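Per-chain numbering from 1; labels A, B, C and D assigned in written order.
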């Protein structure tokens, strides 16, 4: 039976690890959870940093924690919300990998008396109290307008994205609409599937550029294809001939902006999303007597955190992303 | 007088019949593509098809050896991610390039050694062992980076993946050399020859005096090292490290090796076949983009190719399976 | 009264190869009818056709005069024809009772198995044939010999009118054979027709009422044991006569090659001590499960032992793996060629040189294919393996040639001591003679040879000395030219 | 006489502690013990852990895995594997949604979806049988195809807005005060008890152990192995469709992203539960405990606030540990 005891030792160690991280269960401690649809992303780390900082501002009795599936699966994210609900946390910040899928879990949390604030991507059909985040259509639109400014009617654009996520679709639609509006002669030549991967983007964009030598702009609809697009342009030895509009400001993107290989990126404000989200949730938890829920009072229902197009001169503040633990 | 005819056809020859089928398929698709789009048949495009397939090729070659040994390695994608993260983090912290690469490859070899130890010495089903390693390696990569991209790599390191000779990236030469050497070794090198025996009948191999456990373990280490090498190329080429590198790569590698003639029941596998299969898949992907296919259909196409490959293989085997 | 089973003018070809040519065969109720012939003569094909595994090209099958046409094993069994296969058809991870009654389990409502009745039925069956086997034990926990009896019990449980036994004694010890023959006698008394396929002519003469001989797909004759002799049957089988199955004995030297001292690995074997001399063939007899194979595998490093010592040519060895054993010069020819010996889907050449690759490597472990081809060619010729094409896969060879390939593989490792475990199992007479001769030649060249065999005549005919095992211990070491079978048996069982 | 005595002696010698219980009992017992110990330790630190609402969430969250594991257990017992469940699961969620949106009555939509799952299962078995490829490859191909099909038929956007009555399968339930005991839990319980009982006692279902234990001998026993495997994979496909329908109802939406790596979670749970990938061994009870174990680990992470980055590491390590345990037991008995 020695082997069984060996097995038990593993379990005990694991449990001890869980137990070791127990927060002090003092009465006044409040716990807030953040649920993201893709854990382990620089973007969401910025958002979490905002949440952590906001929590610290409120007081050191606030504890926060980050949860989320490692792969993009909206149903797994909904599960995390349900677990936090069952645990009875004081507030949840969530980002909707798929709005429709999240509705039921969000409504469940609200029904259990837990304020839920969405950030980054909204679930407008749910009972969520508030949303703080980028309007993705507008973000795409800004990029489209910038590209129109760069090249006017001469813009020939290739887009790198992958099918599935709602917000990517909105960005691409916003981009296409605003580009067409600002430069009617411009054209989106082809959209390729980067499978959400950097190396996938490199392969797909290299092929796209060869099939369409007229392309002079690449729009990356999310964080990963930017560096892939730069590598593709490097492959073809046409650095400088193609303007890349990346998305978000991961460190590799910043580096490439500095080196001139990426012209600009669409910078969202994830830190503010987390910061505002935390404040909104805390506000909902501790209502002040001013009528809430109508967009007036301690928490608003919609906070647009905005985007800015970041060029080489704008990127310094983003070079030191937050770290945890 | 006894005649000594050439080497037997089965998996020993450089060109077995599977390779011929694949080569024909490649030819047909190439002709079709060059007729359909002028962009296809340029040396530049072909160079990039080959460059783009390097990572998949390295991993598929490693997988071929593991399949040959009647094993499977589901952890290669995660090992790639872990190696990428470890190497680039070391570089970011200012480690010398050879040291960083060495430690990175060391980590991948360690993953392979753990897989191999469980499979070869503890006799645990490789599917499960490497499934566990898949979780563990990816998890460690996540923990190490907390999800951040790793960047700020020295230029000399980037040169590995981005540098060129005669306008062809170094890594293409390295991959080609790897293919040739491995093809020769698979034919002539004793440990790899013995791998065929092990994959065909492990118990008989043991009683024949073949170091079954050691060679099996070596196979897993080799497979992980190939994934690690892919990680070095990928990070230096893309100038970054990321814990999600290699996500889903294991299934691609297995599919390529099987299409190339390896069997999940061990004992067969061909370097040339695997190489051609990877090339075929890369061509199809390339053609897909060149012809502006809908991005949505890509998965269906890949799955469909696997099914077709299965059918062709079944057709090819129909005589052999009589008994 | 029509015969219990009659096959009329059966023809069968595989591709262009004609396996059965107008074969007719009949067995009466209450008769034991032996079917003999060399491997490849078509016995198994004939039985597979009767048992529903293969379909015939032409001819008729009659069961008690009624034409039948079984589509598969199941149908044949339900018609009353049960084949006891050489490769056991049992599943090790299920209990004995479940194995016997698979698909016929007594059920309650809705197909739910009635476990009590199932086990009781199995118990009753074992009582009927007079064996003590637990219905609830997993089959995998029983030895191959007992499994064979379970297999036969399964065949009987179909209320079979015809039972076909394909080499039923190949894995049985002498006492188990006696038990089986008792069962056969009972079945016979109940009017069951039994077809008994065997290579062991001694057993055939002991039990058969009639003997049919197949050669190259044709029925060459039917005879009664009383009207015939083993020599005559052999002549019918091979088309020529054999004066002697065994080569003349050689000269045993004094030099000890292998010295085994007090080798123990409880509970499998205890205090095994013997020495093997240069040029000697040392036979090991005993019941299956007496520890013979276990000792050989321990000497070879395939399994471990707990105490004792082994010395080769005076040098004490500490062998931990077959690899080390082979490097030192000890080679083991396994009893189970398909599972543990050969690489069936690989070529003959690859099989033959598999244990000797170390001799053909150059710098950095690169193989020298020319030398490999030459060695393989020599081995093909020396061991008379047919067809003489070493690039065919071993799969395509007959059992005898497979066994010769296995021997060739062992010999290519240049052994100083060869441990041959059942070297002629499942092999026809012609190949048997060749293998015996090869072993003796080896001894004459100064190799020490140990032959483990369940066939007493083989052990006695081949060996210079005989070690008898009983329950994991050596019960006797017999020498001299006139060891009798009875004497060996006495030491083996008592 | 002689042998019977020897046999009895052997049995007596073998009747050590480990032999007295079956391997299955030991493995399932060990796992159950581990679950209890783990639960106690977590409970001591997080009193909410074993509260009814939290236990309810643990179950509900892993209900799809638990239902799919029922089929996977049988597939693995027959020495097969079914990766395509991770494709069938979102596929059936989408299909049932699209059919309802097309105006079909709920029962019809559900029946058609179950049939679709069964058909995909049959295709798996067909490819594997007909072309003699390992089910790993056949089901992998189907998984890739289905992932693509899911994107194509939805255009990448979610399907939602189902009729109200559909909520009964995944959302509605009995109000227990602090939480809702969903009807879907009863669906799972019913399916688990049914498959567990049939697999243990039904003549036809038990054949899966014969096929996995020794395919050749199964053939010899007159079992049509190919046809049986069609049944097994159809069952697995249908159960994946059940899970898909439940998840669609639970979230009132369907999305092609559902089911990422689901196949691996299910296989992990089934293997932790004692099933042997070489076939011939496994039980529904074990698999359900395996799912529970994984569900507990995930929940403990949500409870404790340890960086969930460690989750993958721990689940992988648990998988390896449970395999080591199984091997150690097997070897001890050998």
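Here is the rule we use: a residue touches a chain if its C-beta (ideal position, glycine included) is under 8 Å from a C-beta of that chain, and two chains touch if they have at least 3 such contacts.
Everything quoted here is computed from the prediction, not taken from an experiment.
Engineer: Which chains, taken as a pair, are joined by the highest number of C-beta contacts?
Structural biologist: More C-beta pairs are in contact between A-D than between any other chains.
Engineer: Would you identify the chain whose Cα-based centre sits farthest away from the centre of chain B?
Structural biologist: So the chain farthest away from chain B turns out to be C.
Engineer: Can you compute the centre-to-centre distance for chain B and chain D, using the mean CA position of each chain? Integer Å is fine.
Structural biologist: 31
Engineer: Please report how many Å separate the Cα centroid of chain B from that of chain C, as a whole number.
Structural biologist: Inter-chain centre distance comes to 44 Å.
Engineer: Residue numbers in chain D touching 2 or more other chains?
Structural biologist: Each of 151, 156, 307, 309, 311-312, 314, 317, 324 in chain D touches at least two other chains.
Engineer: Show the residues in chain A shared as contacts by 2 or more other chains, in ascending order.
Structural biologist: Where chain A meets two or more other chains at a single residue, that happens at 39-40, 70-71, 163, 324-325.
Engineer: When you check chain B against every other chain, which residues touch at least two of them?
Structural biologist: 138, 142, 146-147, 296, 298
Engineer: Show me, using the given definition of touch, all chain pairs that touch one another.
Structural biologist: A-B, A-D, B-C, B-D, C-D
Engineer: In the complex, go through chain C and note every residue touching chain D.
Structural biologist: Per the stated touch rule, the residues are 72-75, 77, 85, 87-94, 98, 102-103, 105, 107, 110-113, 115, 131-134, 137, 141, 146, 175-176, 179, 267, 471, 493.
Engineer: Hey, which residues of chain B end up touching chain C in the complex?
Structural biologist: 2, 4-5, 7-8, 10, 188-191, 193-194, 196-197, 200-201, 203-211, 267, 322-323
Engineer: Quick one: in the complex, what on chain A touches chain D?
Structural biologist: Residues 1, 3-4, 6-8, 10-12, 14-19, 21-23, 31, 33, 39-40, 63, 65-76, 78-80, 82-88, 97-105, 125, 163-166, 169, 324-325 of chain A touch chain D in their complex.
Engineer: In their shared complex, at which residues does chain A touch chain B?
Structural biologist: These residues of chain A touch chain B: 39-42, 44-45, 70-71, 161-163, 190-193, 195, 197-199, 202-204, 206-208, 210-213, 227-228, 231, 234-236, 250-252, 254-256, 321, 323-325.
Engineer: Where on chain D is chain C touching in the complex?
Structural biologist: 2-4, 6-8, 11, 13-14, 201-204, 206-207, 209-210, 212-214, 216-223, 280-281
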